[in-house]
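Multiple structures follow.
Next come two complexes built around chain A: one with chain B, the other with chain C.
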Partner chain A sequence: MIKLITFIFVIVLTPGAWAYTNFIGHSYTSCLNCHYNPFGGGPINDYGRAVSATAISSDTFTPDSWDQEKLAYTSGFLFRKPKQDWLRTQINYRGFQLVRNPGSSESEQKEWINMQFDGRVVLKFGENDKFIAVANYGYAPLPHPKPPGKEQALWRSREHYIGYRVTPKFGVYAGLMDQVYGIRVIEHIAYSRTIPQVAQNDQVHGVLLHYLGDTFEVGAHAYGGNLSQEEDLRMAGGSLKFEKTAFSHHRLGASVKKAGNDYLDLVSYSAHGRFNLKEGSALLAEIGQTDRKTQNGSDDRTSRYGLLQTYLRPFRGLYFLTNIEYLKRNLELDDYSVRWGPGIQYFPLQRLELRLDLYNTRNFSPDSSTPDSWMYLFQTHIWI
Partner chain B sequence: MIKLLILSFLYSGFLWAGPVEQMVAGKRYAELSRYYLSNTKRNFTRKQLILISDALRRQRLFREDIRLNIQLMNKYYKKQHVRLLKDIKASNTIDPDDYPISQKIIYWIIISDYANILTKYEKRSPALEKDYRFFQIFSKMLVDMEFRESKVDKINNKVNNHLEYLTNKVYRFAGSYNLQYVSWQREAILTGPLRDTSLNVTNRGYCLGGDMGMENHLFHFYLDGCFLFGSGGVKSTDSSVEYQQSNVGAYGFKAGPGASLIVSSSKSRIGFKVPVIYTIQRYQNPNSTQFSIEEKSPFSFMTTLFSRFQFGKTYFQTEFGKYIQKEEIFWGLGIGREF
Partner chain C sequence: MKSLLLIASFLFSTSLFAQTVAFNVSLTPAGSFEAVSQKLKGNLIKSGGGFTADKLWISIESFKTGIELRDEHLWKHLNSSKHPKAVLSEVKGANGKAIGKLTVNGVTKPVNMTYTDDGKKVSAAFTVKASTFNLPKAQYMGVGVSDEVNVKVTHPYVVK
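Presenting the complex of A and B:
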């Protein structure tokens, strides 16, 4: 009875399940399996919802009488399989408690951040969703960088595009999307996302070509920046990403990106690997470099970054993870930082994710030794 | 009158029933089992043997039930059984229709009984291996006769999973060597005439060592240790006090027990360690004689969170921990190989 009450309580509050890059640990090498966007992120398709419900989320709080089929059935919007095939909707919220310098009587800072609150609509037609139109609108914090005096709406669309799968292997997409580059981890503060500027608010308007071979995957993305920004801020350019399946269940890849606006030019390149450690456990690694040139030369530098993200899944619904990041902000200097973040990610039910991350940042410099900085985040992610 | 005749006819079996039928009707299965086991040489009818078999299974007397069914098979289906065995041995094509359903049901009962016996074993033994051989023989016969295929598959999986569990649960010696890139901190105090100032000491270097212990498919208990070598910087945490050193050599060791939970078939694991860390690091005293460096105890205890990602015999590992009753942090990233 308690199980049922808990289940109903949480179900009322929670929408769909989610799919992440580390799900290569469940043998999903391509994001296209679960996402409408072939490189991941954004709304997940019916298959993705069903997988999330039956393989990712815990079934501890679901009624014993529910089998996998029932779980998959309730993974749809409003907890049922949609009665039509052409419209899918999703409401999504992500927020977290951020605490800097926890335990410090002098410098502890706490704040609740509403990171994301949006509604998504997908229109799809044709066999195997040959034609799709995806739109997303909601609250999102401001993108970076932004010169003083420049304003940006807090309520906006971060994704709207149309897509056409010419063949099951080849698709064309056009609109506002995340840039194709590197491993699309959800940690938007990751150096591998912020340094090459492919973080959660760096979407661009462009055209994306996607090809999924039997053992490889390629994406080519040409874009004119985010058209909702003022013209001088738009980062226009292109990127290319290639991945090859290795030993049948790992993926090795490389990316390159070049983009610029009136103030800044960036050239980034990286190599990455996604490794299936079986039964949901995975290891993600990326190393890259970004050359940055500013208009007046005041902040030119080459930065090098690295990411190692590990996921260990002792049982369904629970992941122990570690984020280990490296950043050498300027290759001409000897200083570098290492950020270490153990964490726990738990999907107690479909449509609910709870996550606790602890971050320790240590700076290394030949000329100084500074105390570590700390922060922890407790994140709640809910979606219908 | 007609009703009375019909009722008499229906109950005539019972009225004329022997002890076996009476015990079955009264659901006295334990009594029936005892009766049979003390009268195994008695000439029971085929129907009675079938009823007794059911009773034995209800009483979980599986081995006795196997003997009874083999007796049934030899008495009524010996020729067919021998022919089947010959055909299987010669890899001849078998036509399931050549064999009566009742014979197949006997085989099904036998493998079900063997499955119940096999899944009760708590460790592998010669007796288990013998029972498993017979289980496999009868299971193969049913597969070749295409009888209750999905149920036979299910029962095969259940038995094989259990045997795999019995193999995997046994603890075996496990050892490995590894090299980690590490960073660790130390406590030190700059003592002065007016006040003491704590120093921030952050080292980086390498730790070369290994681990030895016992592991099964789920748990790993071990002792691990490594030799630390590296260097670090020292700086006052108080910006009004100028004291700084770079590249101060540091050496030592880290050792202690640990335990892990193995979470995947690739043997990746997560766990914790409780090591002691000992480091030697000599700081240069300030020029002024009024100041000196006080080093805290070179020994510290830590608790660390540990994870290992296995690729065959080679692995990659991470370790992150905090000194007990201190603020200092240790972390390490390494590669290793099992021996």
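Presenting the complex of A and C:
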């Protein structure tokens, strides 16, 4: 039983390779500066790699003879400046130590989990890389609960898509991608990702339109579900996300999503804000609601969730994190959950991220009492 | 409530400092960054209903963007080694509008500004095109900058 619970934590509560949306604190309002995917996640471009080396990662351990320019140009694959313009590659590894009930002599559980091992390839052509093809293939644990129907492989495509920037402002993308919805925070644990089903294993095959205005950004995503699933299980539908720059440095946005299969229909909507606190620090906030309707009516409910995250950067390479989440799984009931915890994210040198997160979950119910759950994750992320 | 107001002012103000020059640079394909300096020098004088300043200047290398390498690129792009200062001269303003001459990269061009007066300091805004100051097109690893730059200047004044 403990193994099963541990497995659930691993799959559902694990940070993965998504966008670092807090980088609005470095005044990057749009993900497109650093990612090939206009809404973030997946492989980063040359500029993104240079930013990660010169702004995100500490330079404490780099040789004194290296200046920032050299750091930027060694951020490429295998520490080299690319010799051609059309191919980019990246390898990612993420693993972590999961500790449940830390400090308890009776029930402390420790386990090392290999969470992600990806190879990423990007082909790009044309002026300003207007044509791109992205493939991301690798290892990831199977989702839990295991989806019914076709078995997923441990090694599988995490995303594969092509993109065409018709103009610098307007782009069309097609293939297997993350759904466009809300703040794509790195924590798959987040209620704001799991409740509307836009988390780690919810990629879909579809077409994404992206428009980038001077002070706003909009994405429209139409999809037929994940084609690797059996047809009756594919969550087909669409989502829409809008973000507007506010007070020069911040972003306010809203999202809506409608998707369903033969057994389930979901309608979700959310509002969010990403706030630049200057010098790399940021505040992220999102509130949302998901209406869930099942075919036989056995599990219909409306859920409401909230997310508040702060990233405070005392100096280059280090971020102090605070995460507060709220979930009311069924608005007709009085029960609700609050999850909170501090964290530390440290990039001691380029290509290496170390992260420690502590999570406390408390369930509030007028009818029952459950003990708080505690866990921490110590994560290692390496990319080359 | 005071705490909330303090947080709000921190979030939504360009700067809490009086002598500030900030300019917003739009990136292509997306995004923007702000370069800020609190080291504007010179005297701004209020006389009658108008404002004048013979010369306001700022060191190019006092501008910070939040990223060290980006700072270096900015200074280099503005040719700070050869022209270390940006100068706003012959400023005359009244009724919320002002004119002056801006010198960057050794090139002087007239600028039209709008401003507000909060009783202690003036906040002025104007837009310039980098190319008119003979500044080359900037491009770094696929990311470029737009030619048009929005500038905000905040400076306290003395009344005569």
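Details
Operating definition for what follows: the second predicted complex is superposed on the first by the 355 of 384 C-alpha atoms of A that agree within 3 Å, B and C clash if a C-alpha of one lies under 4 Å from a C-alpha of the other, contacts with A are read in each partner's own complex, and residues count from 1 in each chain.
What we mean here is this: a contact is a pair of C-beta atoms (placed from the backbone, for glycine too) under 8 Å apart; a residue touches a chain by one contact, two chains touch by 3 or more.
Quick caveat, the model's predicted, so the values are computed rather than measured.
When the two complexes are overlaid on their common chain A, residue A:Gln68 makes contact with chain C while staying clear of chain B.
Legend: residue contacts after superposition of the two complexes on their common chain; A:Leu354 is shown touching neither chain B nor chain C.
In the superposition on chain A, A:Lys278 contacts both chain B and chain C. Comparing chain C and chain B on the residues of chain A they touch gives the larger count to C.
Of the two partner chains placed by the overlay, only chain C lies in contact with A:Leu32; chain B stays clear of it. Applying the stated contact rule after C-alpha superposition, one finds that A:Asn128 touches chain C and leaves chain B untouched. In the superposition on chain A, A:Asn45 contacts chain C only, with no contact to chain B. When the two structures are aligned on the shared chain, A:Leu308 is found in touch with chain B, with no touch to chain C.
Applying the stated contact rule after C-alpha superposition, one finds that A:Arg362 touches chain B and leaves chain C untouched. Counting contacts by the rule stated earlier, residues 275, 277-280 of chain A appear in both its interface with chain B and its interface with chain C. For chain B in complex with chain A, the residues that touch the partner chain are 183, 185, 200-202, 204, 232-235, 237, 244, 246-247, 261, 263-266, 268-270, 305, 307, 309-311, 316, 318, 320, 329, 331, 333. By the touch criterion stated above, chain A contacts chain C in their complex at residues 26-30, 32-33, 38, 45-47, 50-51, 54-55, 68-69, 71-72, 128-129, 165, 168-169, 212, 214, 217, 247-250, 275, 277-280, 316. In the complex of the two chains, the chain C residues touching chain A come out as 10-12, 14, 24, 26-34, 65-70, 72, 140-143. Residues of chain A touching chain B in their complex: 275, 277-281, 283, 308, 310, 312-314, 320, 322, 324, 338, 340, 342, 360, 362, 364-372.
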